[in-house]
């Protein structure tokens, strides 16, 4: 089990203790602890199905944990709906994006917090803001007035990320935000994460990309098969160590592949030339 | 425009000429050419919304192009449905996965080509094969008898990839197959791609991860805003060049970020220590 | 081996100067369309891609009218068209509620029973108990509200499918209607009561009708010009004044022709105007308020709406309540027009017709797609068929079959135009 | 500052020896459940998570039976239960077709009219035209098939929503039924005809009924044991023999008790057995054949099914055809039981009841989730309510309300048990 | 079940099932059921009524008959949804030696039949309409016919009866309509259409019952037709009687339910005791009592529905109809 210094250290905005969650016969989370501090980027990593998204959804009020406590800003909270989590100041970009396919980009961006003039939606102002937000993220979206169903994978993800920029959250959780993004957009999102940190937000970043994690995270928490499997300080760890914690072994497909790579390269080039 | 040596070079299994596709007011593809040879991994890269998935779907028979011709195995073909594409020998892993959420993993894996004994589904054999396939991909799926709706993002993607291993296709198209995968699973998929090449299949691989692209691809075709923007030989190109072709500029968010990185790292560490 | 060709980006794509364009037109993949010619080109392209909104239904309606007029010359007479407006108001009002529940992806099978119950309550309190008419109406509508809230509560608390809840409602409130009507069974509403007068004999004075048309067009033009100014100020594209004027002219034509025709007989029915006003208000509520946006979002993807912090329960509750309320109001309109209430008021036909009207008008049964105007269009289609065939004195067996054929015809036109969209794979 | 703690994986997770376990139980997150105790634990956990299949509906049915028996002692008499089986067969058969279209995410509103039309055709050809009974039946069923193919073609060619197609069918085939019946309107089927005999007076000989029960249980046990062997050979987990025997005993009890009870009166109706056989065959087709798998896939996600190379058009066509065919067969059963056909055969009540039966039995209106057994359970629930309330001499108004209340009660139990699943966010 | 009709003696403790066809017409539950129960109570206090209403569904009625037999009914008094289809019920009742009284509508094979015949009702409606028109000095002109539901077998009989009179009356049937579900608003819509289709000379409207008559009258009034042509009706609903008082409706058919119910009770008790019920006539071999339907017009309201205690004058003459009542001499 990971040992973090103290449950509620100074500056800790969000702290989880002993979170468990079971789905039918599958124990998705077992006794998970996690601390996030203000002005820190905490990377949450783990293999597929390790329980990262389940943990994020538990914090965001989508699931209620079977067990364990959540402390936010020093108070124990029981978040039973996403609306409550938002009210607390937790913004989330879900892995499954959760967009309304039948609505256009503008409507999705402002869903649940539409701008209004009196009681009437202010479409013009929303559209203007949308373009601004999307430009910030280098998004290549031809029109914000088409339903998001017709957007490409990366465009959809950009819309979901842009959503989280509205409002003034204390904690931002990004569940694999750059998975579908192009190189330029990924860079912008990493910039964004750094800006969030600078503004003193706590950020939970889930990613399978070790390079990105090492680039922006301060600490890395590893989940393995639904349990804590260590917390690492980025400055003092190598990505090899983290990968070992993720896969649960030091010799694994990744290292094997790395070792084989040079070999392979040569033989395949030979194959082509023959 | 990119200039490929000759439309139907020796060994070319699939060749596209002048493909255009329009959605409402958006010109998603304009006059796109592409050649795939047997025993070659062709990476298809481009910014978000560049039209990569649209191109893949056009080849797979999901969309019919407005214009242009598709040549498969030397014959011009008109693929009007995914079933036809499969019959030709084109297997596809779609970016939006296209799984039936209400069916379990086994049913999804074998959808459309169920194993049978007589007229009755052979569930036992299918389940056994499923476990084998999933093990090959290092999948961490607790049970193959739960609906795929309850799988994690990476688990779902693994299922979609495992699907394409069934049957004996000539061309395999993988649309961002590793986007949601963990490090180990990604390595397995890249291994798989190389195995496919070795067995003489043509592989189209879409990815935003330049490291992966440089590692497994032989050639890289770049799309930009729906048009061809060059074809590169991996052996003779740097990823910088490719990124420049993708973003359409040599100074872009990626290079800026790379330049700023060292600077940032220092200041953020300082910030933490203060 | 390939000869690597490094594409030089600036050569490859002919970039227009982006700064010169509004923010929403800068993407080079957008196919430009400016001015009236551009608008026409955009319209044609929309037509091709099957994204036509209510136009196909309107075309279907026009064809039906043509066919019916051809079979009996009185169909398009002013007198009969006035009848048609009177006949459509009640059904349309009920269908409007159905549009709302369908937008949510739910269903209400009980609108007929609710309309029957509300009219029974109104009749019994007004006629037998001598309540003042306003109180009787209020009571009946309040019952509608309560029923809807009850449905909403059952749905959100226990998760019973709305199909089953409202099926139980269909039976239960039919029973209650029989109970309320008691042993008399049938009640007359006095012909000289305000309600019957409103439904049967109240028509807009012709000058007022014309004035209304002019006012509506004026409001339209003004709001469009204001929006245009706002968009330009925000750096967004805006339709040129020529197009606004063109559209205004079209709107004027669409409004003035019926008024002229109807005025040759009794005129524009107040009850129909009341229904139109309901449609316009509801359309505004759906498209321009936060509540309406939430309804469409919930209908599209409940889970996404929930995660966006929308009060999903509140939305369900309000929509079920509105649907039942509109059903109650529709029941009152139907009863006033008939000047009587009996056990068969709001029979099962009403349910099916109201749902059919919404669907024919283009609202999806699967949630998230639809418009208040589909209640208007659908009710007109259904009542035109009934009305037109009633002029023909057919055998009932033939009448049923012709109704089916005409209905299918009207909707096939719509579906054919939508087909391209479905075939595009993401619909 | 954090003290970095490098987790040592082998310490952290207590790994069981994976090689010792079957392939499908190796994941350490799986909560182990072995033997009878384990099966019970797994059952309780399923119960908690609301994943109970048809058990809540069965509980609802048992509660309804208890309530009805308490209000009138004759309800659970053998005689009345035999009546109940006779009453459920026709509705159940029609509902079985509805289950199929619902699995696809479509609807058929016209099953009532189709059943009426088919019975009218059978009656007219058999009684008036003196066709041999077999030919008359065949003709009527063939009409059902044709109608379904027609629906399927309209749906797949033009993309008209099935709601509208079948609404048109509801009207059109009602018209045709009236036309076929002509001005006589009502036709009696001779009491001594084979069909009426089959529906009214044909019961399984008691020994045969018992034999059938034994045979079914034997087939079940054998197939289970064979599957067990196969699974073990394939390196997969298999339920222990004790559980197989337990389940077989349960099955035996579930089958033998009704047979004993029914045998005290006339016995097990052949028509009901015919219906049960249809259910079992359809269940097998849905769960164990490629066609059934494709139906469920299309209902879950058409686009995914299309991309998997499934012939989606063929699936739609076959399901619509089967639904109409079953409706036609159901119509024949209903007519034979009544020994008469008239203009109101297959009235609108049949549509609603058949759809309600499927939904109450647990089939989703939104496609991809359901089972053939829901037709059986739903038909039993509906007919139990009607049958039980008929024993109580209630006024119609009260009867309607009680029906609604009981219906709601039955389904709420089911919904409550499902709620947890919905609340889990991914349902 | 026990042997019902066996043994003579009193009719103590018998169960009589009363199976009525529908609930959308007020008469069945407002009149037939209470009158039947009262009559039974009077002649056999210990007897019990098993009651069911079939909501116009023949299959449901069969089910209800089976339920009655299950409960040990000694006699079925059956008002069939479909007289022909009810043969099946009679058959299964006979199988258990339970006699059947056909109530209101004829059933082949029943043990007794008491009714106002449907065809006679249609004839009377049409005849009254023709008489009213002739009295008003009209011998030709257009008549619109609003029949009952096309899916109701009884409606066809009313229609046939009416046609038998109207077809040779010299008046022209300009248009005819089978009203789905007897629905007044459909009748209204149709009538409205006819006002534009039949350009002139509409002299009378045949409406099969009071509900459709109400729809027709609403259409005529809404269409500004003045004076109203005579409109027929049936069922003597309160609303219909009120319209007659106010002069909007010309007539309705009143069936004296009370004698019918009493006669049915008498026959049922006789059958329960194994006796033959008394009957004056036979219809297709079934001993029958045929009662006469009465045409109610403004002139004879007081002598019919009021006299029989169906409605009190105060029921009819509510505030809205006070003046009309006074004019009609109702108090």
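A, B, C, D and E label the chains in the order they appear, each numbered from 1.
Assume a contact is a pair of C-beta atoms (placed from the backbone, for glycine too) under 8 Å apart; a residue touches a chain by one contact, two chains touch by 3 or more.
Just so we're on the same page, UniProt names per chain: A, B = ATP-binding cassette domain-containing protein; C, D = Xylose transport system permease protein XylH.
Please read all numbers here as calculations on a predicted model, not as lab measurements.
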item	value
Chain C and chain B - chains in contact with each	A, D
For chain E, the least number of touch steps when starting out from chain A	2
Remotest chain, chain B as reference, centres from CA atoms	E
Relative orientation of copies chain C and chain D, as a Cα rotation angle in degrees, nearest 5	180
Chain C and chain D, separation of their C-alpha mean positions in angstrom	36
Chain A and chain D, separation of their C-alpha mean positions in angstrom	44
Chain centre separation (chain A, chain C; CA means) in Å	42
Residue numbers of chain C (touch at least two other chains)	1, 29-30, 178, 303, 348, 395-397, 425-426
Where chain B touches two or more other chains at once, by residue number	23-26, 62, 140-143, 150, 225, 272
Multi-chain contact residues (two or more partners), chain E	23, 29, 150
Set of all touching chain pairs, with the criterion as stated earlier	A-B, A-C, A-D, B-C, B-D, C-D, C-E, D-E
Chain C to chain D touching residues, read off their complex	107, 109, 154, 158-161, 163-165, 167-179, 303, 348, 352, 355-356, 359-360, 365-366, 395-405, 407-408, 411-412, 415-416, 418-419, 422, 425-426
Chain A-touching residues of chain D, taken from the complex the two chains share	1-7, 9-10, 12-13, 28-31, 33, 42, 45-46, 49, 51, 424-425
List of chain D residues in touch with chain E within their complex	72, 74, 77, 79-80, 83, 87, 90, 174, 178, 183, 185-188, 191, 200, 334, 337-345, 347, 349, 383, 386-387, 390-391, 393-397, 399
Chain D contact footprint on chain A (complex, rising order)	1-5, 22-28, 57, 62-63, 219, 222, 224-233, 236-237, 241, 244-245, 248-249
Chain B contact footprint on chain A (complex, rising order)	23-26, 39-40, 46-50, 52-54, 95-96, 138-143, 146, 150-155, 158, 176, 179-188, 190-191, 194, 197-198, 208-211, 215, 218, 225, 235, 243, 246-247, 252-254, 256-257, 261, 264, 268-269, 271-272
